[in-house]
Structures are given as C-alpha cells and as structure tokens.
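Paired with chain B in one complex and with chain C in the other, chain A is shared by the two complexes that follow.
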Partner chain A sequence: MTVAAQSFSSRPIAAVARGVALPLVLLLVWQAWASTLPANTRAPSPAQVARAFETLAIGGGLVGATLQSLGRVMLGFLIALVLGVSLGVLMGSSRRVSRNLDPIVEGFRPIAPMAILPIAILWFGAGTPAALSIVAYAAFFPLLLNTIHGVSRVDRKLLQAARTMGLPLHARILRVVLPAALPSIMLGARLAMGVAWTAIIAAELAVGAKSGGGSSGGLGQMMFVFYAYSIDLNNIVVCMIVVGVVALLIDRLFRVAERRLMPWRI
Partner chain B sequence: MSATPSASAALKMDQATTDVGGGAAQTGDRARSGRGAASPGGVPGWLARIDFTPLRSFAILLLVWQGVAVWTASPIQLPTPLRVGAAFLDLAAEGEITEHALVSVTRLVVSLAIAVVLAVPLGFLMGLNRKIDAFVDPLIELLRPISGIAWIPLALFIFGIGDVLPVFIMVYVAFFALLLNTISGVRSVDPKLIAAARTMGVARPMILAKVVAPAALPAIVVGFRLAFAGAWAAIVAAELIGAPNGLGFAIEWYRELLMSPKVFAFILVIAVIGYVCDLGLRALQRRLTPWVDEAGHSS
Partner chain C sequence: MNGAVNRPKLRLQGVTKAFVAPRTGHRTLALADVSLDIDQGEFVCIVGPSGCGKSTILNIVAGLDAPTAGIVEKDGAPIAGPGPDRGVMFQDYALYPWQTVQGNIGFGLNYGAPGKSMSQAERDARVAEFVKLVSLTGSESKYPHQLSGGMRQRVALARLLANGPDILLLDEPLGALDAQTRIILQAELLRIWGETAPREQRKTTVFITHDIEEAVFLADRVVVMSSHPGRVRDILTIDLPRPRDESIRADPRFGHFADEIWRLIRDQALQAIA
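Let's turn to the complex of A and B:
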C-alpha cells in the first residue's frame, strides 16, 4: 500500500476521532467530577444517567410518555397543516385577502405559543386539548408563511396556461399551485415540526408545573415530576437526551422526505 | 383646496380603486393606494396616502371578538375587548405593566448581550479555522437539538427561581442562532478578497476587521434577529415556570386568579413589545447592511 493511499484511508477515521474527542473529554471530566462527590449526591453523572435510561426505558414509562408527546405533536401538526396551507394558498394567490389578513397574522406572530397557554388552560383545562392547541398554534405560523411565500411565487404563465385549458379552480390548486409551492411548504413543515416539538415539551412542563402535577402526561410532564417530586436529576438528563434525539430524528425524516418528494431539488 | 401634484395623484389612484370596488380585478397600484381612506372628496393628500387596511382589519377582528364574547357570555374564558382594554389601562396606570415589561426586557437585553459575546467570537474562530471547527462542531450539533425549554427543569434545580434561570434559557436559545449564522457568514467571505488583501500586505487583524467582518455582517445581523425571536418566545416559558416576576409570570399569575382581562392585557403587551422590537431590528438591519434583503441575501 502506498503512502498516499494510506493517508487517504485514514483521513475519515481521523475526522471521526477529532469529532468524538471533545464530547468524550467532557463526558470523562463530568464523570470524574461526579465521582469526587459523596455517594448520596443528587448530581447526575454519565454512568448514573445510563443506568437511569435503562430503568426508565424498560417499564419506566419513558416510551409511553414519549409516544404520548409525539402523538400530540402529530395531531397538532395536522391541524396546523390543514389550516396553514389552506389559508396560505388563499393569501398567496389573492393580494386582496393577504392585504387584509396580513396585519392580523403579523399581530399574532410575536405572541409566543407559551403566552397562549394560560388561555388554553382556561378554555380546555389541563389535558390534551390544551396541549394540542399550543402545538397547532406554534406550528401554524411557519406553515402559513412558507405556503404564502411558495404560492405567491408560482409561475403566472403556468396558471394562465391551466386556465386556458379550462382546468377548474380546485384542479388548478391541486395540480398546479400546490406542486409548484411544495418546496416552500415542505420547508415550512420541517420548521413547524421543530417548533411543535419544542412547544409540546414547554406546554407539558408548564401544565405539570401549574396544575400541581395534574393530568397532562407526556415527556415534559415526566421531566417536571422528576424535578418537583423525586428530584432525580439523572432521570431529567435522560429526558433531555430523548428530547434532543427525537428532535434530530424529526429533522432528518423531513429532510429525507424532501429529497424523496422533490428529487429535482438537491 | 390646492392639490399638490403628489396629492392629486394619490386621489386619482384612490378613485381608480374605489371604482373597481368589490370586483375581482387586482392591480399592482391597488396594494399601494390607501383603499381604506374612503371619500375621495376633500381629504388632504397625506391622509389619503396612509394605508388604513391594517386598522380596518383590526377593527373587524375586535368586532368579531366582541360579538363572540357577548354570545358565549363566559367572561372568564373570553372577556370582551372593552374589558381587556379597561384592564390594560388599569394595569398601565398602576405601573404594573411597566414594572413587568422592564424586568422582561432587561433580561432579554442581558441575555442577547451575553449570547453575542459568546457566539460571535466562537463563530469567527470556527468559520476561519477548520481544525477548531472539526473539534467543536460535533458538540454543537449534539447540544443544538435539545431545546432551551428542555433545560428548564435542570436549570430550576441548579439556579432556583429568579433572574438567572430565564437568562440562562435565553442565552442558550440565542447562542445557537447567532453561532450558526456567524459561521456561515464568515465562510461566505469571498476568498479572493482575502487573497487580494494579503497580497497587498495587509496584516491579519486588519483583514479580519476590514474584510471578513463586513462581509460576514449581514449573516450575523440575520442571526441576531433569529436569536431575538427565539429568546422572546423562550422568555415567556421560562418566566411562566421559573421566575417571580416578568411578563410570563404575570400572565400565569392572573390566570390562577381567574382575572382573564388582565391575562389578555399582558398577552397584548408581549405582542406589542415583540412587534416593536422586530420593527426596530429590521430598521437596524437596513441601516447596518443596506445592500442585502431581509433574509440576508445580497440583491
């Protein structure tokens, strides 16, 4: 084997080693620091977190809580998808509608989803509907704005051609406008799913915090119970890691879907 | 009435659009003309040029809200806009709005300042030096998916309820937006510009200050706007759970007391501050980087 080939083959390994180095060092420092503490410490350590993950994952309710949160995100996302895309098509294709509705959209946009939570609790109580409405509200704006952007940039000539050929309105929307706006809508969907996942954790946390460990359930609620009742920081760190992993998976899934649905865009 | 040329033009445009009335035709000048300005008769030019559409939209929204609130007749769940307005004036008169808003805005400013100090230099380092980037980037990518909100329980245990928790959460949220945009801004600098400066014997600190920094500025400004938006959304969650004051605390406090008009009034404050800050940042963006559009692309 020549020297050049050797260095070429070792390069990816070096890159991986470099990438792993800093996280690994930090983990080791964290573990070393934790092992200097007295045995009855509450401070989390990597080894304890791994053990906590095992017990929580097997019969500890972690899977159920994660699925419950994910189910809420999906349902809220679907509501936002239907509302956001249909309103987006309307606002993107009619200047009059967008001119009249735009001020209201811009007026609501700076209101954080969490600011809506107290109202949602007043309206729906501390259960799933309150969490759902927060998620739908959070996911609505990225979907709406990106749909408007995509629809308003649809090639006018395509629309005129479709109209000349006598395509009815619903067919023009389904066959011309939506496919042309799909890249934007998909981007909006990916962003919306990201904020929806953040919002559900926030909503469950706050509902858990404010209804005395009430009936919300889900991953966020689980975290709050570990904070407020059992004060188990290892379990909290496990939940945080799950939050991160799920967010990463959602993001990757949407990127793959974007490539599959629109292979003409890299 | 002596109509200046511009005023008569505006009036003509107004008449043209009122002629179209409720019809389906839409033209470009319609977007610019003040269609809501009503009577084309003796309106002064400056008044005719103001776009009243937002006002009309909000008026309709308020009317619908009033109607629904009266119809549902459940003042705790949906107070009428009039009662919310009265609560707003009460709170403003008692100074409660200024008090909580000041607390929240101070936390916001402090967090954004800390985030800038941490993220921008690190972004320059990572953008300019591939080795540092290769070491640090994986750690960033590991932490980034964990939303700031998810840190709240752990941060509650470490910092307790108070000022530090919201600031920590906001710094965390703002950090990533700023860092990633700074890195991509620094990387987008045309290498030929750097090469040219180097050929002319410009010293490295000078290249950084005069070539790299200005070229990376648009992306950094966009990052700052994103950081603000993220932080402003996170502050409500952080204060709602872990602070003894601030706007997020106030809405939840009055929710527990079932004083809905005050809840709505504070939500209004959150919306207005967020909106005004965004307007200010857009203006700052136009001032600092006039050669790019709002998304940071040069046009």
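Let's turn to the complex of A and C:
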C-alpha cells in the first residue's frame, strides 16, 4: 500500500497519465460509435460537443452561466457551513440539545431539496435566493451530521485537560472541539459540495422551467433552454461536462485544503 | 481563629467513589473511605497496585470527577470543578494531536496564571525554556504522532510545568522514560517543586508512581494504597534530609523505606498474580 502511494506522489506525471488514460479511451470509443450514425442524428458525439463547447464558451454565455451557478453553490455552501457546523457543535456536545432536535432533523432529512422548491419560489421568487436556499438546504445535512459525529467523538480527556488549564467554554470549542472534529467536518464539507452541485442544477432547471426559461440563470437554466427550445443534446452535454469538471476541481481544492488545515494527519 | 495556619492545602475526608456502568448498572467501588490531608508545599507520592484508584483520586482533586460521598477541599473550600490552579499531567498525556510539541507545551499559557499576563514573546521564551528542560530541543515542530512514547510523556510534563500551577497533580509522569532521563527529571522536578525554597513557596504536589524508589527519593510522605476497593493502606513519612541528591539512594534509611513500602504492597501484588 505505502509503496504504491509513494511511487504515486513521487511521479506526478505518471499519476496524471494514469488518470487521463481511461477517459481518453472512452472518448475514442464514443467517437467511433458516433461516426457510424446517420449525419442528421441528434445523438451527441465528442467532435460535436467540442464544437458546441467552443461556440458556447466564446460569446455563448457559458462562462457567465457557470460563474453564476458557481457563485450560488459557494454562497449556499457557506450558509450551510455556518449553520451546519454551529448546530452540529451544539448537538454533538449536548445530549439534551441533540435529543430535542434530532427528531426535527431526521424528519426533514428525507425531504429532497427539490421538494422544498415550491415553497422556496413562493417565498423568494424565481431568482438567486430560491436557488440559494435549496443549495443551502441540501448542503446543510451532510455538514450537520458529520459535525455531530466528529464532535460527539472528541476525546473526553482532551476536553478535561483544557479545563484544567483554565480554557473557558468558547476557547474549548475553538481550540479543542473544532480541531478534533475537523476531519469529520471536512468530510461533511466534501459531501455537501457534491450535493450542492446536484441541487443547484436541479433548482435552476426547475426554476427555469417555472419561469419559462426566463429569470433564473445559471447552468441549469441554460440546460433547460437547450432542452425546451432547441433539443440540442450537444449543448446539454457541454453543460454536464462543465459541471463535472468544476466539481472535480473543487474537490481537489478541498483535498489540498485538508492537507493544509490538518498537517498532523500527514 | 488560627485554623488557617494549620489548615491543610488539600483535604480528602471519607472520600468514596463508585462508578456505575450506564447500561448494566454494574457498580465498581473505586475508592472506599479515603482520608488524606496534604499540607501546603508537601510532596506526596501515591503507590499501589493497578486499579486501586490512584488516578481516581487525582481526578477528584482536579475537580474532573465528583466523589460519591465524602469531602474534598482546597484551602478549606470545597472543590467544585477543575481550574488552572491545579495542573494535571494525565496518565495518557492528553496531548493535542493537531498541535506541535511547541503548541502543546504553550497550549495553556493564554489562560492560566502566569502565562495570561505575558506578552507573546515572553510566552514563546517560556515554551522554549520548558522544551529545553525536557530535552526536546530540535523536535519543537513535530506532532505527537511523530514522537516516541517517552518524548510524548516529556511534552506532557513540560506542558504542566510551563503552566505553572499552584498544585501539581502528576499521574505516573516519568513511567515511560529510560532510567537516565528519569533520574535527571526527578531532580529537575524537585528543583521546580522548590526543594531549596521554604515550605510556603513550594508547590503542593501529588505524584503517582509504580516505582517505589522514585517515591522514596521524591516524597515527603508516601501513601500506600490497596485495592478492591481502593483504600489507604498506610502512610509513610520519608524524613530524609533535603535537598536530596543521588547520594541519598545509598543511605541505609533509603533502602529501609523502600523495603517497608515493598513489604506493604507485596502481598497484594502476589495475590494479583496468583
């Protein structure tokens, strides 16, 4: 195990090559298959998707839509981070609080983010706030549950030691509970980021549908417009790939952040 | 009232501690009717077989555990909870895995006296001083998981001493160290405790150990405990002259005290093995 891991990190180029090889093969197979289809097919092919990407990226609004969705994901994620971690610390450290709140949390958890969309639109209209609230809602649960898990497993001895050194409650939370729970919180954050993306696309799709492709903006609405008005699968695939790539990049950033924030975990 | 003069620094009177397992309701009597007065500046060692309640006594004095029955007082006032006046070195160190050696040693300096009133530069200097005391120079930036057991133990000791509490509560603080380091740190501990200072300026110390010679070398009094349930079996006053150095170990009285303690715990130890 460790030997493999070492050769991985010592030869980053080889690692990248290994990561790229399989997708490349799949692309070739896809292109080969697509070239057997009649010329007027709606089925997307890599070549066409690449062309669609070019037109969308240059003056086609792809960059703006991506940034808009990304902004919503980030903001919604931040809201969920603040709420999820603070409530998680509270529930994870007090059995009484968690006993009282647990039924509410578990009652809401199975309700899919999309299911609160009607309420969100009624309250906030069909723009950014509605999309934000859905993202925050979706990202909230993984953050909350993982924070609770991490906080409830903090070594009691470490908290006792802090009390014998005179740390007041807020210092014990900041300097003991949060760092001890950080690995769990980071795991929750990565999961939350994933569901935030699924939620934003779904929310923008649905809000776009509701407003006739009008006001919601973002990648999801873009996909809805291609679906509803041109049935251009190539463009839709471009949007899908963009979501995938951006989410992948964010996840890699998280890993870098993990290593920075938790140097003690090697 | 002149009671204040004679009043012990720490008083345990009729202390009983029972642990009840939450699910089974099974009751473990860890301490039964333990009474012990410790004077200001006194160095008390506690020895006794594993499981006799030594750590439990320390936790109760630290205020981390409440006795099931009995009185626990500091300066005549009941101990209600933990505080930086009573520093604890835990048996399992309780180091913060996300803090380096330096970070761990300086961890409490922002909160308890004397570190609270220091500038950051003074705190750094104090950390460096205690890093040096426990010979960890060069390992300041390592994390606990990168240290050996003995190094971790020295970090925990340095952290306790850097915090400068009034009362030192140490749970087998030198148990993981090699013989040489151990002997050096015993002498250092006596120096920090205030061996050459008058009694009022010494730090009241409760020191748990399995090493009988260590107890005799360090202590004013040695408390010998017996187990099932944990009780004070006997208390020996070690009236060897201070300051003590290595030559004291050759003193016939030194051997006599060690034999006496060994005799007191031998029966139990043999029983435990049988």
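We adopt the following convention: the second predicted complex is superposed on the first by the 223 of 266 C-alpha atoms of A that agree within 3 Å, B and C clash if a C-alpha of one lies under 4 Å from a C-alpha of the other, contacts with A are read in each partner's own complex, and residues count from 1 in each chain.
As a working rule, a residue touches a chain if its C-beta (ideal position, glycine included) is under 8 Å from a C-beta of that chain, and two chains touch if they have at least 3 such contacts.
Predicted model only: the values in this text are computed from it and were never measured.
Taken together through their common chain A, the two structures put chain B and chain C side by side without a clash. By the document's definition of touching, of the two partners only chain B reaches A:Gly244; chain C does not. Residue contacts after overlaying the shared chain place A:Pro168 against chain C, while chain B stays out of touching range.
In the superposed pair of complexes, A:Phe224 makes contact with chain B only, with no contact to chain C.
By the touch criterion defined above, A:Trp264 reaches chain C but does not reach chain B. In the superposition on chain A, A:Met91 makes contact with neither chain B nor chain C.
Contacts of A:Val20 after superposition: chain B is touched, whereas chain C is not reached. Residue contacts after overlaying the shared chain place A:Thr198 against chain B, while chain C stays out of touching range. By the touch criterion defined above, A:Pro110 lies against chain B but remains apart from chain C after alignment on the C-alpha atoms of chain A. With chain A fitted onto itself, chain B and chain C come no nearer than 6 Å, counting C-alpha atoms only. On chain A, the surface touched by chain B in one complex and the surface touched by chain C in the other have no residue in common. Contacts from chain A toward chain C in the complex involve residues 155, 157-158, 160-168, 171, 175-176, 179-180, 182, 262-264. Across the complex, chain B is touched by residues 15, 18-23, 26, 42, 94-96, 99-104, 106-119, 121-123, 197-198, 201-202, 205-206, 209-210, 223-224, 226-227, 231, 233, 236-237, 239-241, 243-245, 247-248, 251 of chain A. Contact residues of chain B toward chain A in the complex are 26, 30-31, 53-54, 56-58, 61, 76-77, 131, 134-139, 142-143, 145-147, 149-154, 156-157, 232-237, 240-241, 247-248, 251-252, 254-256, 258, 260, 263-264, 267, 270-271, 273-275, 278. Those residues of chain C lying in contact with chain A across their complex are 62-64, 81-84, 86-88, 90, 92, 94, 96-99, 107-108, 110-112, 143-145, 163.
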